[in-house]
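The next part holds the structures, each set out as structure tokens.
Here subunit A shows up in two complexes: once beside subunit B, once beside subunit C.
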Partner chain A sequence: MITRINVGPIHPGTHGVLRLLVDVDGDTIKKVEPHIGFLHRGVEKLVENRMYLQNPVYMEKLDYIAPLAFDELYVSAVEAAMGIPVKERAQYIRLIQLELQRIASHLLWLGTLANDVGQLFTIFMWAFSDRDKVLRLLEESAGTRMFYVNQRMGGLIRDQPPDFAEHAAPLLDYLDQRIAQFQEVLEKNPIFTERMKGVGVLNREDAIRFGVTGPTLRGSGVDYDTRSNQPYYVYKKLNFSPQTRGEGDAFARYKVRMLEMKESIKLVRNALKSMPEGDALGMQIRLINPVPKNRVVTVSRETPRGEGMMYMVADPQRPYRLSIRSPSFINLSVLNHIAKGHRFADLFAILASLDPVMADVDR
Partner chain B sequence: MLTGNPLDMLGQALQSGNLTTSVIAVIAYAILIAIIIGVFDYLFGWFERKVIARVQLRHGPTYVGKYGILQNLADLIKLLAKENVIPANADRIFFMTMMPSLLALSIFIVFLIPFSPTLQATNLGLGVLVIFTLLSFAPSMIFLAGHSTGNKFADISAQRSVIMLISYELPLILVLVAVAVMANGFNLSNIVNAQSPWYFIILMPLGFVIFFITMLAEMERPPFDIREADSELIAGWFTDYSSPYYALGLFLDYTRMLLGSLLISVIFLGGWLGPAILPPVAWLLIKAVVVAFFIVIVRVTTVRMRLNNLLRFGWIYLLPLSLINLVITYIVFIKGP
Partner chain C sequence: MKIDRANLASAIEEGMAQGFDYLVKITAVDNIASLQVLYFVRNIAQNKDELLEVDIPYSDAWVPTVTKYYAAADWYEREMAEMFGVDIRGRHVRRLLLEKWDGVEAPLRKSFGWGSPTYKSEE
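Let's look at the complex of A and B:
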């Protein structure tokens, strides 16, 4: 007998306002149908009515777990349209901020994942306190804790404080240690590994066919990372290597994110070491009255959730059209395919391993 | 004829053959047990919140009362003041009776546990069997409670409750058989007295581990909170129970925790045995609190088990291990020196 269960939009297991219609036969999932749109704001249309400099505020609310990623992506799209080069020091600072943001985002994901497999908020609280430390460091660099709006065409609104490297070094060491501790608590627990391994397997071909990106794709053994395949900023110089795992299950996706955090720590360390002196400030606001050099641009960046892409048709005053490829939306589309045939309890482990952010899905 | 402090007097009255005296004594004892359960449920609620908070780098309740000790009372008042909503498609009779009956059942089982050599309502020859038979009523009552709400999540939870029963009940009984072999019977007082020089936790550590795990499952404590799985089933079988029933549910939860820790203390940790500086009842309660602490620590550090994993775990690991435990016990302690 098939029972249809309505999960969400208010449910402890669905992050944000995701509604799932789940058909179960006993305890086995037959079909999962995501219903989205509870957080639709029409960002793409809003952007068309505002000037270039007004839009980063909206972009940050796309993925509120990692606001900087989309802020930076939008600013890069504008830079590409206007043909503004980014100053070298600014490239380093942006990279550091983006990677710190990735660590913060993955820490939050780790907490919610642990919750969804039945942890009683312990890992969640630990990860949140560590995330807060990362955010405090970002605050030093970017000015605010969560919604930064600190990117300007060609650079940033302010340079890094002079003692930033001294403050960052102990935190990075601490994070290295903490990530090892998290792994110890979770991976040494056979219940956790049993719940994650072999669950929600997405094989290589399907991953490519569905167009998933980010850790979800790399967990399926595809060595594709925008940071290395279409390198931007100084990722190439800093010996970035993408992290992949071949199994394609929830555990592989978990593992990829854990390894990515370590990789990000390495990148920040390297960037702090080799950062050039000089000027990192972007254009002054009164100078921003740009005339687009390229009318149509496409820019893509590796956000914590996958490849974020912006397609912009530029007008002198405001974007004529801005189309956003949000990684969460496309990663979520794979849910039915990989959750079918698993237990009802696995649905939430699988969902957490995909890590969708509903604001990003609904736009 | 009755001498000593009130507890001793009560004990002597309970053990006296006189009908009137023992009837009055049993009533007094029931009131005492009710007070103990009330106080310990309340304190466990506070204690659990504090321990969990400390593990999670939080403070826990601090505002209401000293160290937040009155927070749970405030919560209770809030719950009782709220409207009691009974879902339209619920089976009203089962919905309204099952939660109080479950609580009554748990309290009755606590009533059957001996608190000291004299403080016991009755000295049943098959005490352990009676207690565990009564305990195994709970899953079917939870099934009814969940099924009667007419909520799909509660329904799934109710089904899980029945499946859980078949995964942990057999190893539990086998461990109890080993205990009975050691103590030469199922009488709880005899079991405690048999632990006189060495507690059973030392004599059969394997049995203790299995018993602790199965008791966690029996009490719906994590990692076996499969019925209440909050990230999957919202609150499982009591998703639709609101206000006063929810308060009853919390009471039930802590009574079962007290019951579980008392049973573990009595059967494996020597019950009321301990140096004479404290009365026997105090030793039993201290041991119960220590066990409860470990239960809370397990709750806060582990992740939830999946239903089919629990079945496999029960039948592939726990059942053979409990058989091995039984055989070892028989060979070493009965046939051996």
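Let's look at the complex of A and C:
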């Protein structure tokens, strides 16, 4: 007999305002129907009424776990429409900030994932305190802890402080040790591995067919990362290599994110070593007609949740149309496919392994 | 690449044969005179992206579904149907996705709402 269970929209396991209608037969999931839109603000419509420089604040609230990623993506789209290059030093600083943001975002995900699979609060507290250390470092660089709005066309609103590298080095060493410690605690715990391995399997063909992105795509063995496939800034120069796993289950997606954090640490170290001297400041604010003429641009960036893309039809004064490809949106759409046939309790492990942010799904 | 609505299915089939098996996004632009539906497709193996543009008139705003080729199209089509009032023909699931404003004018069209700039500056 099929029973329909309602989960959410306010539920600790759904990581935001997500409502799931789950059809179960006994304890086995037959169908999951995500109902989204509870956090729909109409961002794509809002930006059409505002000038270019009024929009980054909205972009940062798209993904409130990694605000900088979408801020930078939007500013890059405007830069592409304006046809201006980014200063070399600013490229390094942006890369450092984006990678620190990725670590902070993955740490928050790790804490909530561990909570969802029964590792109550120990990992959560550790991960949150470590995330706070990363945010403090970001604060030194960008000026604020959470919502930065520090990108300007062609650069940033301010340079990094001169002693930033000295402060960053010990934290990076600490994070290196700490990630190993997280892995030790989680992967040697049979409860964690049994709840993650072989759960929510998404094979390579289906990952492509469903259009998933980011760690979800790479966890299914598809070697596609915007940082290496559509290289931007200095990722190529700093020997970035994408992290993939072939199993396609929740554990593979966990592994990819853990490896990505290590890769981010490597990238920040390399960037701090090879960062050139010079000017990193962006151009002065120009409110009237910053874009010389109508342009259509498409810009992609690897956000912590996957490939974010902006397609912008740019008017001289404001975006005529801004279409946002949200990675959480498409990753969440695969939930029904991978949760079918599993136990009801696995639904939360599977959902957490997809790492959706509802503000980003609903826009 | 600009294509006709009538040729959309065959163009996508041809693309699939060439390895464009990953759908990045389906979206639309309201150009006042008409609507433009955009299909961003990707060939992951060869790292190539392609954009298919389909112009459709306001009075007859529909496109055929591409869910047969891309499972990813499901949510994108539902979102576009709701936000731009584009009817998607040949679909099984027709439930709207975000606000479920059935019968209300499509919110991302330029004619919707207050103060929405309905001009597009001349080049």
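Basically, the second predicted complex is superposed on the first by the 356 of 363 C-alpha atoms of A that agree within 3 Å, B and C clash if a C-alpha of one lies under 4 Å from a C-alpha of the other, contacts with A are read in each partner's own complex, and residues count from 1 in each chain.
What we mean here is this: a contact is a pair of C-beta atoms (placed from the backbone, for glycine too) under 8 Å apart; a residue touches a chain by one contact, two chains touch by 3 or more.
Quick caveat: nothing in here was measured; it's all calculated off a predicted structure.
Novice: So, on subunit A, is it clash or fit between subunit B and subunit C?
Specialist: fit
Novice: Of the partners subunit B and subunit C, which touch A:Glu48 in the superposed model: first, second, both, neither?
Specialist: second
Novice: Kindly classify A:Val222 by the partners it touches after superposition: subunit B alone (first), subunit C alone (second), both, or neither?
Specialist: After superposition on chain A, A:Val222 lies in contact with subunit C alone.
Novice: May I ask you to decide whether A:Ile330 touches subunit B, subunit C, both, or neither, giving the answer as first, second, both or neither?
Specialist: second
Novice: Taking C-alpha centres, what angle do subunit B and subunit C open up at subunit A, rounded to the nearest 10 degrees?
Specialist: It is 120 degrees after superposition, to the nearest 10.
Novice: Touch test for A:Gln284: subunit B only (first), subunit C only (second), both, or neither?
Specialist: neither
Novice: Using the superposition on chain A described above, determine whether A:Arg321 touches subunit B (first), subunit C (second), both, or neither.
Specialist: The answer is second: A:Arg321 touches subunit C but not subunit B.
Novice: If we overlay the two complexes on their shared chain A, which of subunit B and subunit C does A:Asp27 touch? Say first, second, both or neither.
Specialist: In the superposed model, A:Asp27 contacts subunit B only, not subunit C.
Novice: How many Å separate the nearest C-alpha atoms of subunit B and subunit C in the overlaid structures?
Specialist: Minimum C-alpha separation, subunit B to subunit C, in the superposed model is 25 Å.
Novice: On subunit A, what residues does subunit B touch that subunit C touches as well?
Specialist: Common interface on subunit A, subunit B vs subunit C: nothing in common.
Novice: Taking the complex as given, what residues does subunit A use to touch subunit C?
Specialist: Those in contact with subunit C are residues 36-37, 40, 42, 44-45, 48-49, 206, 208-212, 222, 224, 229-230, 293-294, 298, 307, 309, 311, 313, 315-318, 320-321, 323, 325, 329-330, 333, 337, 362.
Novice: Write out the stretch or stretches of subunit B touching subunit A in their complex.
Specialist: Spelled out, the residues of subunit B in touch with subunit A are 52, 55-58, 152-153, 155-156, 159-160, 222-223, 225-226, 229-232, 234, 299-309.
Novice: Once bound in the complex, which stretches of subunit A touch subunit B?
Specialist: Touching subunit B from subunit A are residues 3, 5-6, 11-13, 24, 26-27, 114-122, 124-126, 129, 185-186, 189, 191-192, 194-195, 343-348.
Novice: Can you list the subunit C residues touching subunit A in their complex?
Specialist: Listed in rising order, the residues of subunit C that touch subunit A are 21-25, 27, 29-30, 38, 40, 44, 47, 51, 70-72, 74-75, 83, 97-100, 107-108, 112-113, 115-117, 120-121, 123.
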